[in-house]
């Protein structure tokens, strides 16, 4: 257990009477892709928020590489190696896609807040271009984000997170809104990172989840109800009824 | 023909614009009555608005001096503006004839042979009220003034001659609108009288709220620059019977004053205030001085002498120039009344000081 | 500092707070709910006051003038909306600030041109004049009770309209995403016009209501505008309940500060020092309160409508 | 019901749509397909008036609607589930539903209750603000909101994005049910399988041009070719 | 010509005109008036750093100007007349006040930021009003200007003019440098989407705070210069209306542009002077102009320029 890169210990979060995280304990081991699935409103995004430092938990702790980061602000956690994507795209919309990625790359460098112009910029631009190509945005690098299509923005989210070269990657529905073909590319990209970057993957696209995940945890209304290998989880009757659904419902 | 160039700087914007308007109108009236001439020279009057911003005033006065090449700067509604422009005006050896502001430094340590006032020294009207309160035998008075320099000077001026107990000293915020809290405090202190200094809109609000709280007639209301013709049109009946200290009132009983008030009302349709009277007298003072100097306005020495000794028929009755350039004059307690024609005005009730000079003159080194 | 004085000052504070709320009400609607920074709110308030003061002698007194001033301020609001506001709904706050600031300059100076620089006012209407005896020797003017009533009434009305009606929902929805509202079949432009005009009328109403106690003069809306913004920000932008409570809180803090700060200081330091520091502190009280609230809760007391 | 002919549109100087033709028959479902950034959403924006078309004709129920302001277009009976949900963040769930609710053509088929029956989760969250909902809950709300305008034509731009598989199935079932009720639907989705089950016609966009259009049966026959269009 | 190249050309031209102005025999009041505008322009340029690039609309910048001028004024009143000491003191005092108050202010956003900066500005204003030793609300007349290396060189308006021009050029340079730097990129990105920038590992509040402090320091410098130029210091310099005027300058000129703030300062102050000479009711004309600029241009004067150049 101690070798987990990311470990959540009984994280609890309430919004009024609503318990969004109910003593959630999950861990992500080195190199593994750990998928988190569950119905809408189960608390997946809120959990990612608590890990990333955007939402303060009411109780419980977050460990990153064995170190308690519960009290650290979001920016510090990001610099310690926690990168995330947002379910609802949150990008700097008045600059180009490339600049969004450059901002991420520069965040790793000591000159990240230099108050004078920085002359290593070209290198960053090139690296950003490479990252964008990985997610299929190679030819869209110099388009202002606000004129990117929805799916393109989703892909850019991923590129920016990867550019941080994180220790752990938190992905909140990286495939939502992404076209089928692009999805396939991103699944391939994520799969290719297996073994290198451990990930917590939230996704409703079950094909992708079952293809990518090493382990799956199922979150239902704030509680982890099952954790296991994809085949274990797929076979779990509870998961089938609460999440995957069996027969067609009528409206 | 030689011209007399005069720059008139008054406050014409913001809530206090009405004070500047009275000064401007009265000055213009005087010039008009003298067929556009002062001291025999054609008077070219440039009017500028200081916006009640001292640094803007400095800029504008520099423009008056250097661009318009004025011989005399007159007007100046507020003391802080006066303090800001004094230095550049004096340094350029231009004469400064105040038609209102009379800050104490200019009367004392920082006095200048280029400065002459046709109004008063800031403390004096307050002193008059203090003396009056003392004479009337009030034992316990609450003083309420806005929390700025003129307010503090006012309180100090009042206390100079009033020896009774100051039950409370209330400093309100400049520009305050609502005085209910202060009025409640005053009622609780049960004073024999209150003394206040609330120029402009503050005074209007205070007077109305004082009367609405049912205090008018119960607690004598002594004031300075609060009840005058700039505020009476707004306070109307609410101010009736309240007192103020002044060197003049439209109801003053002397021929020059009566003529001035009549002409002013005919020209502008409203009753002149003491601000108007002071500006009018400023014009008369300039007229007399330039005449005495034989029209040689560039001869600074001659002009200084002329200002010092100039005699003219002041609307206020007695007027004599003190060594520091401020007047020696009489002060009255005045009261708001409704005139027969339905307009509101103040009229003298009682003379408090006769031929009174200010206390700072002795600190002034000119002689 | 007797107990009755404290009680009276509390009442005064509440009354002052309600007066602030009355002024802030229209701004809560246009800025808080609709997210349009309308600095011209202050001059609309001033216009309401001027119309009342100027019309009173001809319209049979205060109430007649009030009855005329309301539709007139509404109409002026419509004109202003048509010319200045409408093109700016979709634009950033900065443009709104600059344009409505321009409107302030024009109206302030225009009013001076039209009605002179001298303060004017209206006497308290007979119906509401006089005072009621609260405790021994302590009178509370009836008109102030009327202000309290007007403040409460306006608050209630706003709360009902904005939080309880479909109209209110649409306004709130339109403020955050106007294109979406129109894509769902609602004429957003007409909606906004109605809101800004109504906001102008509320401002005018506040201005009219204060004429019997405050002087009517050019620029009278400027300071009040700032106070209204303080109220809204302390309460939490967009929250009517917040604005209401913040107005009361500010009224109380300001009034109690003015009444007792110097006296309390006198217990600790010498009288001259207290006289010097006390009033400065009292004038800062509102700002200190605001800074304090925002330091602890950057979104105000009731940041209920966090957009985004 | 809806006929689009020669539609051209763009943002500023950038043309995005070129001569797009599209039909949705009464009581029929048409699917709009295409990769990311090919102009699907732009087509929707042009139809709903959010982006005035630069050329072309759009007819709905026999009248021309191009050039009308968005609210007029909506009032002719078009309900929109926009891309990216766009629920009103400062309104609670119930307010989101009723604020723009309308019943313009007599019968009120959709009520709050029916939406809640479709999405019980929304009922539980009734008093929560739009901004506090989870992504999937917001999606449900956006669908419910559009239905509450009781439209003749519903346009669903990626309506199943972010929904859990169970709910997604329900949505598809619901679309089928709506169709059975005589509702016309224009749907954009990336799941070709699901689309093939409900849609009557399919239109494929590529770089702003219609590159394939045909019936469900034609698609089944031509599936490989179309799928190739959808991939690079 | 690229837009940036053209912008710098415009800026260079403006500064060149300012540099030769005192040499062409203009009357003294024009020189001092221009010097005054330049001093205010420093503050406008500084405000643009936080407002235009950082998206923080500060309604308290006049306080920094005032603090700077009081620091200089009080030193002179106390007999410490050296210009550079005054400059350092003014910059430091304004910077420290910004550091202390900004730490709280940067946590808020939008109108709350406007109001909280107003609050801190007002606090400084009231404190200055209570400084009876230094004139209280009436202000403090400086009977002499600061000394430059022990000489009275600043007594000459022209010398002071060039000192102010140098400070203006320096401020423009500093703001340019900072906005072109990684720091500036983060500041701008945080204006658009602070959440994203935080997720990328940047401490948004700290970035904003330092921008705010830097801006205040520049304004403090402007205050020192104004104090010397007008030989007068008063709380009126810190009135919130003045902060509003700075905002108007920046937006009117074009927020977040190369020369917008500078142009805005000149247009606002020159119009105020020019229009007020023409008519007493100049504010109507000025107000109408503001409305027109907003309605008919995008991005202020600089924006107008862009469009006509296209």
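Chains here go by letter, A, B, C, D and E, matching the order in which they are written, and residues are numbered from 1 within each.
We take it that a contact is a pair of C-beta atoms (placed from the backbone, for glycine too) under 8 Å apart; a residue touches a chain by one contact, two chains touch by 3 or more.
Please read all numbers here as calculations on a predicted model, not as lab measurements.
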Given chain A and chain C, the chains that contact each of them: D, E
Chain hops separating chain E from chain D, counting only touching neighbours: 2
Chain of greatest Cα-centre distance to chain D: B
Interface with more contacting C-beta pairs, comparing A-D to C-D: A-D
Chain centre separation in whole Å, for chain E relative to chain C (CA means): 31
Whole-Å gap between the CA centroids of chain A and chain B: 73
Whole-Å gap between the CA centroids of chain B and chain C: 34
Whole-Å gap between the CA centroids of chain A and chain E: 43
Overlap residues in chain C, where contacts from two or more other chains coincide: 112, 279-280, 283
All pairs of touching chains, each written as two labels joined by a dash: A-D, A-E, B-C, B-E, C-D, C-E
Complex contacts: residues of chain E adjacent to chain A: 177-178, 180-186, 188-189, 192-193, 195-204, 207, 210
Residues of chain E defined as touching chain C within the complex: 51, 57, 101, 104-105, 107-112, 114-116, 118-120, 122-123, 126-127, 129-130, 132, 240-241, 244, 247-248, 251-252, 255, 281, 283-284, 286-291, 293-295
Footprint of chain B on chain E - complex, ascending: 27-29, 32-33, 36, 129-130, 132, 135-139, 141, 143, 226, 230-232, 234, 236-237, 239, 242, 273, 276, 280, 283
For the chain D and chain A complex, residues of the former touching the latter: 11, 14, 34-38, 41, 83-85, 117-118, 121, 125, 132-137, 139-140, 158, 161-170, 172-174, 177-178, 190, 192, 230-232
Chain C to chain D touching residues, read off their complex: 166, 169-170, 172-173, 175-177, 179-188, 238, 304-308
